[in-house]
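By written order: A, B, C, D, E and F. Residues from 1 in each chain.
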Amino acid sequence: MAISARNTLSGTVKEIKRGMVTATVKVDIGGGNVITSSITLEAAEELGVAEGKPINVVIKASDVMLATD
Amino acid sequence: MAISARNTLSGTVKEIKRGMVTATVKVDIGGGNVITSSITLEAAEELGVAEGKPINVVIKASDVMLATD
Amino acid sequence: MAISARNTLSGTVKEIKRGMVTATVKVDIGGGNVITSSITLEAAEELGVAEGKPINVVIKASDVMLATD
Amino acid sequence: MAISARNTLSGTVKEIKRGMVTATVKVDIGGGNVITSSITLEAAEELGVAEGKPINVVIKASDVMLATD
Amino acid sequence: MAISARNTLSGTVKEIKRGMVTATVKVDIGGGNVITSSITLEAAEELGVAEGKPINVVIKASDVMLATD
Amino acid sequence: MAISARNTLSGTVKEIKRGMVTATVKVDIGGGNVITSSITLEAAEELGVAEGKPINVVIKASDVMLATD
């Protein structure tokens, strides 16, 4: 599937924390960068998200802000 | 400023394309990853976004989707 | 690719309007429903979005609001 | 109330799952399509969201991604 | 229409800038606060957005970040 | 830190409700306006969000919808 979201980065699941309805997942995308994702618990289970597994991070360009120090 | 968005990654501006109201900016965050951001033209000018300049990428955890191949 | 976004609906491109950096696309998803999407022009060209072509609409659950009349 | 979000689709509540702070609601919008929404529990209660009840789904155009198989 | 978005604030249109596909609107919501909104041009025209006119600002709770100085 | 999000409004924390993974925070921004934010619990703790404390509300222009009565 090709998607209009401009950012698809590959990585590895580093950690997953489960709430009642939401799960917070940390993904190591290399270069010293770890990205935190908050998805529904249903999605985490459906995708089989588990520590050590390969996963892609997908982000729309309009959801990426820029900031200067 | 500390912000509730869970993802703040440092990088360098690789490219900026300007529309009438929006600008599309590509940021090299290292590890072979380039992130595309779409912000208002007003913001790009205010932040002095220019090729080669250091910049931070800021993304809310709830805006980060996960996908498996 | 399986994605964490909870909504993937199939449809047909009904109309596409191009700006300098953004494109507005209307997708017929059946049942009398037409969904409007605003994506980057780069994405529209990369996906080959054109009137009459099949396309999937992808929406995160947290981006779907509810309202009563 | 007329709203700038480009997508307002009418449907019926099919299912609601309640967490401590968030609720996940599935809405049948016809044409074989069911849309999943994740809203605050406060909103679900205020709107009186309940199975079988009519409800509108509201989505901004910039939150609608497109994908090809 | 009652909506699940937790923030509906009333104000007055202070300024509108039109692009080819998008419009940037500044709304005075009182208390010294002016909020900037970026919507599709189609929506701005449909809502009759014009300087001096009353307008409501609608924002989802999950789109509101917090920051400390 | 200067950020591309067009809306940074200062206020005071009025209330905070904690879930397992998410926290809902109400911020008084003056002029009779209270804004509700939904952030991760991790962020609320890291920022030291507590009733009576000063806090900034940060919102992207593209996340601000407009509506007429």
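Just so we're on the same page, a contact is a pair of C-beta atoms (placed from the backbone, for glycine too) under 8 Å apart; a residue touches a chain by one contact, two chains touch by 3 or more.
Everything quoted here is computed from the prediction, not taken from an experiment.
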| item | value |
| --- | --- |
| Number of hops, chain B to chain D, where each hop joins two touching chains | 2 |
| Intersection of contact partners for chain E and chain F | B, D |
| Number of steps on the shortest touching-chain route linking chain A and chain E | 2 |
| Proportion of interface numbers common to chain A and chain B (over half same, under half different) | same |
| Duplicate of the E-F contact set - from A-C, A-B or B-F, the pair where over half of the pairs recur | A-B |
| Whole-Å gap separating chain C and chain D, where each centre is the average of the chain's CA atoms | 16 |
| Distance from chain F to chain C - Cα centre to Cα centre, in angstrom | 30 |
| Interchain centroid distance [CA atoms averaged], chain C/chain E, Å | 23 |
| Multi-partner residues of chain B (each touching 2 or more other chains) | 1-6, 19-20, 22, 24, 36-40, 42-44, 47, 56, 58, 60-62, 65-69 |
| Every chain pair meeting the contact rule | A-B, A-C, A-D, A-F, B-C, B-E, B-F, C-D, C-E, D-E, D-F, E-F |
| Touch list for chain E against partner chain C, complex | 1-5, 19-22, 40, 42, 60, 62 |
| Chain E - residues contacting chain F, complex | 5-9, 24-25, 27, 29-33, 35-39, 43-44, 47-49, 54-69 |
| Contact footprint of chain B on chain F as seen in their complex | 1-6, 37, 39-40, 42-44, 46-47, 56, 58, 61 |
| In the complex, chain F residues that touch chain D | 17-20, 22-24, 36, 38, 62, 65-69 |
